[in-house]
Every structure is written in structure tokens, then in C-alpha cells.
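Presented below is the structure to which this report refers.
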Amino acid sequence: MIVGEQKPLAEIKEIVGPYRKLLILGCGTCVKTCFAGGEDEVATLASALRLIFKKEGQNIKIEEFTIERQCENEFIQEASEAIGRNDSVLSLACGAGVQAIARRFAKIPVLPGVNTTFIGVLESQGVFTEECSGCGNCELAIFGGVCPITRCSKKLLNGPCGGSRHGICEVSPDTECAWQLIIERLEALGQVHNLRCYISPKDWSSSNSGGPRRLVREDHII
Amino acid sequence: MNKPFKPKITLFHCINSFNESASLSLNGANNVEIKTVRLPCSSMVKDVFLLRSFESGADGVLVLVCPEDQCRYVEGSIRAKKRVGWVQNVLDEIGLDGRRLSIRNTSSGNGATTDKILQETVAVLTDLGPNPAA
Amino acid sequence: MKMEHMSKLEQILSRGEFAVTTECGPPRGADSEVVIKKGETLRGYVDAVNVTDNQTAIVRMSSISACTHLLNIGLEPVMQMVTRDRNRIALQSDILGAYSLGIRNILCLSGDHQIFGSQPDALNVFDIDSMNLIRTVKTMRDEGKDMSGFDLKEPPKMYIGAAANPFADPFEYRVIRLAKKIDAGTDFIQTQCVYNMERFTEWMRLAREEGLTEKVQILAGVTPLKSVGMARYMSKKVAGIDIPEAITKRMGEVPKEKAIDEGIKICLETIAQLRDIKGVSGVHIMAIEWEEKVGEIVESAGLLPRPL
Amino acid sequence: MPKKYHIPIKTAEPRFRPIGKYATIEFREDCAGSCKHCVKKTCIYGIFKENYEHFSTMDEPEYLYNCQSCFRCVQECTRGIFSRVIDPDYRTLGDHYWRPDVIHRLWYQAHTGKIPVSGAGYRGPFAGAGFDSMWTDMSEIVRPTRDGIHGREYINTCIEISRRLTPLTFNQDLTLASEVPKILEIPIPLLFKLPPNLILNKSILISAAKAAQTLGTMMFIQPEDYTEALLPYSENLIPSLTRHNFKDNVDLIHKSRVVELEYAPDIDESLLKIRELKPDVIIIAGVPLDTHQATRALKLAHTEIDTIHFYADECGQELNSQDPRFLKEMIREVHLVLVDHTIRQKINLVFSGGIAMAEHMAKAIICGADGVVVDNPLLIALECRLCYRCRDGLSCPVELEDAIDPEWGGQRIVNLMGAWHSQLIEVMGAMGMREARRLRGEIGRSMSFEALEMENFGPIFGERKVAGFR
Amino acid sequence: MKSKREIIELPKILPVRSRFRNTMAKYIIRRNSRCTSCGLCAELCPYEVHPRYDIYSRPIRPKDHKCLGFSCRENDFFCVKQCPEKALTLSLNPLLETLGDYRWTAEMLLGHWEMAETGDLPMVNLEYNLGNSGGGFDKIRFKLAHPKDYLDISDEKIDTSVQLNKRHDGRPNKTISIPCYGGGMSYGSTALAVMVGRARAAKRLNTFTCTGEGGYPLELLPYDDHVITQVATGLFGVREETLLFTPIIEFKYAQGAKPGLGGHLLGDKVTPEVAAMRETVVGNALFSPFPFHSVYSVEDHKKHVDWVKEINPRVLVSVKVSTPTDVDMVAVGSYYAGTHVVHLDGSYGGTGAAPDIAKKNIAMPIEYAIPKVHKFLMEEGVRDRVCLIASGGIRNAMDVAKAIALGADGAVIGTAELVAVECVRCGNCESGRGCARGIATTDPELGSMTTEEWVEQRIVNMYLAWRKQWCGLLRQYGLSSIRELVGRTDLLVHLDYLDEQERIKYRPAPREQLVI
């Protein structure tokens, strides 16, 4: 899922500052799961903002609304009435959601309330880890299911660098060395021979380096 | 006319941690105005409830929960504490001062302790003055 | 501000003389002779020679080394630098290195996307954009600090250039962007090659209105067409090139063997017109892989002799 | 056959969200967030959906009011984040006698006018004190019976509150010799009396009076509460007078068909004076249920009083007693003493205090009452939570101190009484009874805990060593 | 009749899991984030509270319902103490206070779920034999047995069968292998899978189930030897052909939960299938009249019985009556009308929908009715010619045994069978789409939550667990057949009839004050 994190209150306050009627729009999918933009977060943020504005004597009306997914028209449409009533929208969706809302409502500023962080996994309660960079060409099969492109700080494809110590990456003591994990996995799978394979340079054209991507499923288009 | 400040406190309490009859004596105290919200478990305190209490004019919010090892739901008190901590930070960011919100562990039926906690809370609030966002 | 002249190009432009620059593409090999040979053909015809930086994302000899080869034969290079391939660390270090080798002009570009070049599978960098590159060079030069704020022992005194494309869309924004580049610290501008004179004139007018021509030297780009095919190709396939139908038609109407001459003729006409536009401080002749014709064009355009 | 008695039931939504029995606790942090089949989305009662709807407007925690306790969310949640508790507000609703479930059922009946129906068996204790220690009989196959509320045959629930003349005397020509006083009947065996120690205001009085009018019954009222606005309902109002104040309320006596006169040793004097003022007025004696009730009943039976209204405290307990008896026993006592003195037929007995459910009405009648007087349930029908905050001068959680719409209030009370009436008919139908009047004192058509134990367990287990319940 | 001590073949117990992901349990055991997935708890616990897949590196959420709770403290495998990270916490589950009621306590529900799952008695200390009602069965105990009476024979040799036809009238001598058969739950009141599953279980257990008054769906035909056809006052779904092949016809005069009132099926439950079966209109509430309009006397009743006996010469007749004050007269009247089985349904019995006032107040609890009728039939000298079956508030194996000791031959079980298939007794059988747990519903989506096989095995398991209890009880008193227990009131005590020093020898009933 896409992991995001709510922006600091001060920043949100800054960006919504110019508007008088604000809709805080939540998204019930990924950002809800990572507690950045579901119903609860919308309510909490709205409450906090109201307190800020009340304290500063500003009169800003705040409305709350949450839709199932902000990246899909059918759901966005449900918010159109609420959006119409306001002069700005603070979207708590991921960047895709913010843009999807923005492109549907040309005349209303859509502001991001969440920093979209990465594609990740709920590792354990309250801990999210980045696991995928969306490179567009998955090669996890040879890496024993651990992605060196995302999880190795140097995107190394042919084994660990010299900075790995006790399975920890040189970048941060909180970061496991992806290559350590790959090696362990391959050992457990009996595929250590993969380590001897030379992995040729990554073709980045399928990733974001090839410009914004577009996926067309011809079979779904009529 | 300078009326003495009489803090309004919203008291969230776990029904297991806090004896209702003890609260009656607190309600009688005249230096404070208390609104109580009973929770079946303190883990039902959501961030938004705490903030909304301030929105609706509370000068302070006090959360009374069971001691951590006595929660009937095992994790309720711990969760409540974490949420309160989170909201304290939010209050600091808002500029309301996180000290307006506090969480205390009380074991069931100990009226004397709750009285003391309440007086301490009142003291803190007297220090901080009325809720600027009320 | 009193300042020693940073480069010959700067000196010429600051004197108000009509400058002529051209372009030299480094080879797809390690042979310095290719560069030197190209340089020799340009000697005396131009004030400075732009050396492209892996132009169109095709791997070539590095711009810094090709510049050095030109310096060695006494030509003044304009080092082009794109942000596509290097992050800010590499960019800054290369600037320092280039300066240490005697390179004094830099043209800051974002660079063509690698998708068009020889390595579409490459990971692009675009750590910073051209605007920030300009600002970085300017800060290094004027404040003696690198991006991290570290004081540089010997700041690189580079004459900073930037590219402008009057023909890209949205048109209204082009002048804003020019202004922004000037704000960032550009000293001179080299534009995309001009075929659509009408649009260029309009752009210049807007630039003048904004007072930009007071702040920056603008060298209008020209490229001689070799054939009607080239005209069509550039018009369709090369990003940001605007060739009016009339020009393509004109190229098409002459017999094939005359096409080259017709191209050069159009080029010379263009130069003549450009010289009349207020605020155009020079031309930048981009004879792509056709450096030998530059001398001819300069001469025919009556731009000789070049000042010293 | 009289016209079938019909109570116009109409749904009357509560103004405030009623306190529900259950609340769910969820450990939000454990939620995976967006399960496709999230139990919140699939709840067959849709309770979470509603909860979300008011999520943005609530200012304090709200529980899940309509939870039907199927436990599917608890059992099906992917992460097991749900637990369930009894809503703390439900727990503290009412008191030991007016239990939360009683209040809750009353709300439901006032809302819908329907009989509370549920699946599965009875879920309460085996037996209990008071009315809970008796069961009513039913008729199997050997007695003819009726179809109850679903059937075609009419079950009459009328009672009289006018004095009965027995025996009748006849002239030689067989014409009636005795002067038959006017008969006053009410179609259901219950009267109203708003509780004096809860909130009482004009709109509540009008609501109750309106309901009394719709139902064709009557309501006791203090003369000081009898304002101009209540005049349209004077037919259905019974001013409660004392020997001190009846002279000040002569106009009320004239307006009323029935008056209540507070018991005093010299009650006959006041009685005669009132009769002088209005000869055909029906007089109810208001008598506290204390240790003297039986002697007073006997005494009053020999006066011209039409009906005696005995009142216990709000929980049906004997007044002014160290060891108070419950209403049930006191009804039996009064009834039997009058039966013993062969005077029971002449007078009507109505009882108030602690009549909380329809079954209490039926059981009180079986014990010997003619009818009952309803108090607290009238206010509960108006959403009262019996929190007694009003007694401490605190605000009412359902804002009863403000004016309510008497249309709505009246309908709520009508609904509640309609549901009670239906339940009375259910019970009578099961017994094979056609008339509420014949139910009175039919102790043989009930079974008591003590008798059943003695009869059926006595031969097996011997002597009972533990008195009472639990 | 002394049993021949032959080995009785019992159906097979198969473990049947709950349909739900999370089980409800008496204890909760939680693992917090300190857990390092070391797997020690999984290794230690012999009850599989901490299951762990070999190939899955993370611990799975503990299966609380298997946890022994605080009594495990003494064991050296007590995970909470052994956990090196102190990541486990054990506590009582507060959920229990919202589960169950005075009659079916939370622990009784949990216990029966466990029995239905395992076919065995729960390992966890659950009070599944006693409710919290404070009277009746909950106050009655079996007398402490004398050790010398103990009969050392295996369960397989103990006879728990009951003979249904004692009239010696030439009709088949039906015997059921357990002293219980299934109560009538109509087509329309429960999901078809539940109905068929109950019939399958009845076949496996060699007992009966009953159609209820909603007709005889064709799906029951394969089990027709074990299906009682009910003829109730509404005559819904009654057809001559079903009366022709059925082994037993039950005349339902009244139902304990709503004595004196007719059956009631709310409109929502009347789906096209149900309406077709009952020959009524879709979506219309169905009220059965009360009583049979053709029966207003015991003579009419006899006419009824004679009618079915005439139609079907092999059929046995059961008469289901409620418990008015004169229940003894009703019973004996039924006997003389020619019935084989007198079925008393006590006032606290289950129902799909009944007015609360009726469930609570009308007619007497079964505990009183059994001895009353038993005694009366004895006095009339006909007790051994009729089979007396009790129902209505008989919840568990010990209730059955107590009912038998009070004078019944056997019991009819309704609610407990539904509890075996995970009924929580929420009481919403009638509302909206019906049972949220897919038991008492005609909603196709909810109904699909159960399958016939699952229902069958759960019920079989529960009865086999009950049988273990009965056998254990009989052995204590030296009895080898449950028939010997009938009317043995001398084996019973009632706590309220005992002196203090006697009373403390017996297990007190749960006595929590519940919020209902």
C-alpha cells in the first residue's frame, strides 16, 4: 500500500491560511491504513485546525468528508457537493489522490495534507517499511523476494557493498542490509547460486526515469 | 469585574478505574466545573474526543485510567496514554499547551487520590489560565 | 560592480559588439584529434565555441575534456553542462575542475531526456534543474560558496549562460522563464534556433518590455538546414523546434543539389534580420556536425573580422 | 357488542438517541484499515455506517446504539480489534426497580407502539420478588379460548370507576326500584398520574392529557397544575383535592366528571360537601398504602366513594414502613378484606406505584385490582432516563424542561399504552379470558412461585430452607 | 428393562471449527510488540493456544478459547511465565459480560461451542452445566454418590436409549439412542442448511428431529426415518403425503415460549420458497391461530389423533402441550386420546419470535411440570404406557438428566442444537433479515454461512459430549441405562431445600448480577 504521513500542523495551517471555507477530504484506502487520512484523522485534524483558528480569532469554516478512494471518479463524485460548498480542499490522500481531485475540480484549490512517503508494508503495529519503488520491472525472483533497488541504500544489484556490518546498512542503524536479507533468503531457499549470477544494469526506462508512466489495459478498454 | 477563574474540566474516565460516587464529591467542589464522560474502557478515548472537548470550551481535560497492569482489556490504559501523549503534542503545536491535557492512573474507588489529582489539575490550569480557543 | 573580465565572450558582449558563437559536438570516441580538427576549422570565425554535454543523451567525450582540447589550441570554449547525468555533487565538482583547467564560460542546461538517446535504459538524475544550476554557479562565483554553504578557497569565476526557447509552449510563459533565469544569475542567453522570425520578434519585444535585454545578452540561435528532409525531421521530431511551413516549402522547392545553398541562404537572411532586432547581442550558429560551414556563414553574413 | 376499542398507534421517533445496551470497543491502532469485507461495512444492522455519519458532529464519545449483539464484528474482524461492553450509560440507567431493560423496552413501545417481540427463550432469572414471583395461567385444549390480538373476537378491557350498585332492587311490576347512578367506564384498566418528583410542565401535562383523551382514560392532576390550557381535556382530568382545598376549587369540581379526594379520617364530610356541589361527580379516594390500608379500604367501602386509589411509592413499596411490603401483597390484602366483607363488588380499586410493565397491569388485576395508575412510564415515554438530575436542579439530558410538542408527546404515551393494551390482550387471550373485569382477583388463574415450589418440589425435596430468591 | 450390556456403536467425532476467525473465550491472552517470534510459547503450549505454521515466521494471534486461563499458572508450560520477553498477558475476557444471560450464561454458551467443536468436554474451566437463573435446574443438583455404587463399565456399554412407543399397540417400537431429539423449528424459521443438518445429525445419532410447522421440504426426504412431522394450529405446509411416510406426527397445541399464543413468522422471513411451502403470500407475516380451531375439547383432540392414526397405520403420535396449572390433566387426557408421546414444553423454552411478556410470564417452568405430570400419570397407573418428553428450558446434558430424574423419559432440545451451530442467543431471530449468524434466517446470503455437513457434525459432536456426561453420571449411581434414572427424584437435591452444612457440599450456581 501507499504509505503517507500527515504534514505538520504548522505547515497545514500555512497552506490553508488564505481560505475561508475548507473541506478536509479523507481517503478510506491506503492512507487510512497508515493512519494519515481516514475518517479519524480527518476528524482530528479538523478539530485541531478549528482550535488553531479559534485561538487566533480567525473565522474559517471547516467541513469534514471522507470518501472510499480519492483516486477513482466514482468515489470522487460523492464528494462534489461538499467540495462545491467550500473554497478549498485539503486532501488527506496520497499525491495521486490529491491530483485526481484537483483535475476534477478546476476552480477549487486542492491542497495536500499528507506527505506521500512510499509504497510499503505494515511491518508490525505502527511500523511501516518501504518495500517497493515501483520500478516497473520486478526482478524479485532472483533476489529471493527482497528488493535491492528499494531496500539497498545504493540500489546495488550485485551484492553488498563494503559498508554492511552485522546485517546493518551503513546508512542507518535502523536499516537492515538488504543484501544480508537477500543472502539469508537465498540460503534458506537453496538458491545461493543466484548470488554468483552477474546482474546486468537495471533498465530504468520502465521506471519513473522514462517519464511519467501510463498503463493501458487494452482488454479493458472498449 | 474580575471574576476568579473557575476552570472547566472535561473528565474522561474508565468506568473500571474510577468510582462514580467519588466523582460526586468532586462535582460539589466549587472552584472547578467538571463534565464527566464515562468510558467502558479508556482505550475508547480517541484523539478527536480530547480535541473536541477543548473545542467545546474545556480549559483542561483529564483522563483517568486504570493502572497499566490492571486494564481489563490488557492494552487499554497503554493505548490511552499513547493517544494522550500524541494529543499533548498536537496541543503544543496548536499553542494551547499540552499541559492542559493529562492522564493519570487511578485504581478503582480511590476517592482521595482522584481528589488530589483533580486539585493538581486545577492548580496547573489556574497557572495556564482559560483556554484561549474557547 | 567592478569586475575583471571573466572571459573573452563576456568582454565582447559587454563592449556591445555583435558576438558570434558556435557549437562543437565531441566525438563518440576518445580521439582528441576530432575535437582539435573541428576547432581548427572555426579558428578566427567565432568568439567562443559551445561544447555540448552528451547532447541528445548520446554518450560522447565529456564536455570538460573537449573544452580543454579547444583551450589548448587557443579557442574559447563554452562548456555546456546538463543536470540529467550528474547530481549536485558531481555538478559542483565538475565546475570546479573545469575552472581549474581554464574554462571560463558555462551554459547551464537541463539536458535532453535519455529516452531519445543511446541509453534509454539509463537512470536519469535531474537532482537539480537548470535554474538551480545557474544559481549554484552564480553563488559559487559571487559568494564563493558551494551549495552546502561551504566557503570555496578559489571560487570559479565563470561567465554564466543559459538556454532559452522562444518557440516552446506555453508562449506567454517563455518570457517569465527567461526572467527567472536572469534572476537566477544568467549573464548570457543562447536561444533555440530561430526559423519563425515572427514569433522570435514577438518574444524579443516582450523581453524588452520586461527590461530583460538590459540585464542579459541574448544570442539568437541559427541552424542552417541541409535539406527539406532535415527541415521536416526537425520540425516534427526535435523537441522545441518551430520551422514555419514557408521555410520547409522553400527548401522543398529548390532542386536537391541546391538545397544546401538554399539552407545557408535562409540562415544568412535570418542572421541579417536578427541583427536588426533590438536586444539581440549576437548569434549562436549551431551547424550540427557541419562545423566546416560555420566559417562560410560568418563570412557571408559580414561578421568578420572577429574582434580580439 | 360494543365498538371494538382501537388505539391509534403511530410511530413517534425519539428526539434523542436512546441509550443502547451495547458499546463496542475497538483498538483502532490495530486496524488494518481497509479490509474489503470490513465488518464495519458488512454489519447486517448497518450500525457502524450510522456511527460514521455522526462522527463529524459528535462532541463526545458515542456508542453503537443499535447494536443487536450478534458478535459478528467481534468474531469476524480480520485483526480481532473489537470487543464489546455494556454501555456505561445503560448500566446506570434508572435504578434497581426501574431497570435499564425496563426503561429500554418502554422507550421502544413508546416509539413504535408495538409489543416487544424477540427470539430465543426468556433470558431473565427463574423467578424474582414482587410480580416476578407469579406466572399467569394459560388454556390448553380443554377450554375454549380466543384469538387474542390477531383474532376476530373481542376481548374487552373496560373497567368502571363509578360505584356499582349491588344488589339491584325491583318494584312489584319488575321495574327497577333502585336508582342506578351514572356508570363511568374507561376502556383500559389504567389511569394516569404524572410523577410529582420529576419534571412536570405545561407541555408534559398537555401531552399526557391528550393521550388520556385519545385513549379514553383519565389523568389525576394537582389543582395548581390545572391551567387554562388543560381545559379542553377536562373530561379526562381528575383533580386531586384535599379536604382543605376543595372549597377553593369549586370550579374544577364543576368541570370534572371525576375528582380525587385525599384520604382523611373525616373524608365522608368532605365527600358529602363535594356531592352537594355536584351531585353526579364521581369521587375517588386517594389512600396511601401503609399499614392502615385494609381498615381504610373497609371503611371507605361503606361510604359513597366510587373508587379507591391506593398509592405505594414509586417502586411499589409500602409507605412509612420498616419492612415494606410490595404492591402485589398489598393488593391481595385489600382485595381479600373487601371480599371477606362481601363488599368488594361495590367499589373499584386502582393502585399506583411501581407499575412499570404491561405484565404488572395484568398481574395487579389478577391480584385483585380493578385497574392501575401509571406514573413514571408516562415520563419514560417522553424519553425520561430516570437519572433524577432534575431533583438536584441539574439540566435534563433529554431537555424535558423545555417545551415538547404535545402532539408528539401525546402520541408517545398513546403508543406505550397501546402496546400495553395489546400485551394485556395477549395474556388474556392465552388465558381464554374475554373480559378484564373477570380477570380481577382470579388468583386461581395464576401460579405463584411459592405454591409451585411447595406443590411440586415439596414432595421431592422436603422443606424449603431458604426464603426468597437467589 | 435391563440393557444387555452390548457395545453401542456411536457416530464418529470429527473436530469442526468455528465459522468465525475470532473465537470468543473466557480468557484473553495477548501478545505485545516485545514478542520476537521466538516460538517458545508455541512449543510449550500443549493446547495449541499459540499455533504456528512451520513455514510462517510470525506468531499467529493466540487462540484464546483453548487457553486454560489462570489455572495454568502451576504448569511448567505456562507461557506467560516462560516468555523470555514478557510479551504475553493473560486476563479474564470482559467480553463475557455482554454474552449470554441468566439462563444461558456466557460460560454455558462457550462450553457448548467447545463441545460442538471437539465432541468432548471443554478443557477450560467453564461452568456449562449450571445457569445463573437462581431457581429450577440451576438449584437442583444430583446427590453426592456413594463410591461403592460406582459401576466400572465403559461408555459404550451404557445404554442411553429411550423407547418412544410404550403402548404396545402394534405400532413400531421406536427407540432413540440418546434421550433427546430435536425440537420443531420450521422451514422458514431456520436456514435450510440448518434444518437439513439437524436431520442428518438425527440420523447419525439415531434419533429424531422435527419439521416445525412450516412444512416438509424435499431436502429432508433422505432422512425421513428421522424426521417428525409437526401438525400445528396454523396447519402450514401440512399435506397428507407427508403424513403418510413420517414415522411420528407431533400435534403442537402450544409452545412453551408463548403458551396460549399462535406461532408467528415475521413477514421478512416469508420468502418465495417459504410462502410456496406454506401456501401463503410472500412477505406477509404469518400468525398461527391458537388453539386448533377444530379442537375445543379432549374429545376433539382424540378425533385428531384418530385421524392421523387412520391415515398412517405405522405412525406414532406425539402431543406437544404447554404447562398450564392443569398440565397433569392435559397430559392424562392426551394419553387417553391415544398418544404415544406426551411432550411438555415448559415456559422458558425457545422460540423464533414471541412477545417478551409471554416468554416471561405465561405458564409454569418445566421443572415443576415434569414431577407434576409424572406423579399424576403414576397415580393414574398409566405412566409406563406413555413416553413423557420434556422441553422448554432444558439447556445441557445435566438439565436433561435432571429432567429425567424428575420423571421424564427424555427431552426435546432446540436452543442447545442452535448453540452448537454458534447461536449467541441475541434474540434477533425475527428481525429484519433474521439471524445475523446465518442460523435462523431465510436470507440467502446469511443462510449461506452454514452448510449441512457443518451443522450435522457440530450437533453430533455436542450430543456425543453430552453422552459422555450422562454416562459419567449413570456410572456414579451404578446405573447402566438412562431408563433406570427416570423418576429417581431420590437422587436429586435442591440447594434451597438443604441445610447450610449440606448445601456447601454442592457446587453453587453462578450468581452474578447481570445487566439484561
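Order of writing sets the labels: A, B, C, D and E. Residues in every chain begin at 1.
We adopt the following convention: contacts are C-beta pairs under 8 Å (C-beta built on N, C-alpha and C of every residue); 3 or more make two chains touch, one makes a residue touch a chain.
This one's a predicted model, so the numbers in the text were calculated from it and none came from an experiment.
In summary, the chains found to touch both chain B and chain C are A. Steps from chain C to chain D, minimised over paths through touching chains, total 2.
Chains D-E form the pair joined by the most contacting C-beta pairs. Chain geometry summary: the mean Cα position of chain D and that of chain E are 36 Å apart.
Here the CA centre of chain A is 61 Å from the CA centre of chain D.
Centroids of chain A and chain E (each the mean of its C-alpha atoms) stand 54 Å apart. Once the centre of each chain is set as its mean CA position, chain B and chain E turn out to be 49 Å apart. Shown for chain A are the residues in touch with two or more other chains, namely 40, 43, 125. Listed for chain B are residues 41, 46, 52, 55, 73, 75, each touching two or more other chains. Within chain E, the positions touching two or more other chains are listed as 94. Looking at the complex, you find that chain A touches chain D at residues 28-30, 32-35, 38-40, 42-43, 46, 64-65, 122, 125-126. Taken together, the chain D residues at the contact with chain B in this complex read 23, 25, 27-29, 58-61, 63, 83, 85-89, 91-92.
Within the complex, the chain A residues that touch chain C are 201-205, 207, 209-211.
Within the complex formed with chain E, the chain D residues making contact are 21-22, 44-45, 68-72, 74-78, 80, 83-86, 90-91, 99-101, 105, 115-127, 134-142, 144-145, 147-148, 150-151, 357-359, 362-363, 423, 426-427, 429-432, 444-445, 447, 449, 452-453, 455-457, 459-466, 469-470. For chain E in complex with chain D, the residues that touch the partner chain are 18, 20-24, 61, 93-95, 97-99, 101-104, 132-136, 138-139, 253-254, 257-262, 264, 287, 289-292, 295-298, 300-301, 321-322, 324-327, 329-330, 333, 347-365, 367-369, 371-372, 375, 392-393, 406, 415, 423-433, 435-437, 440, 446, 489, 492-500, 503, 511, 515-516.
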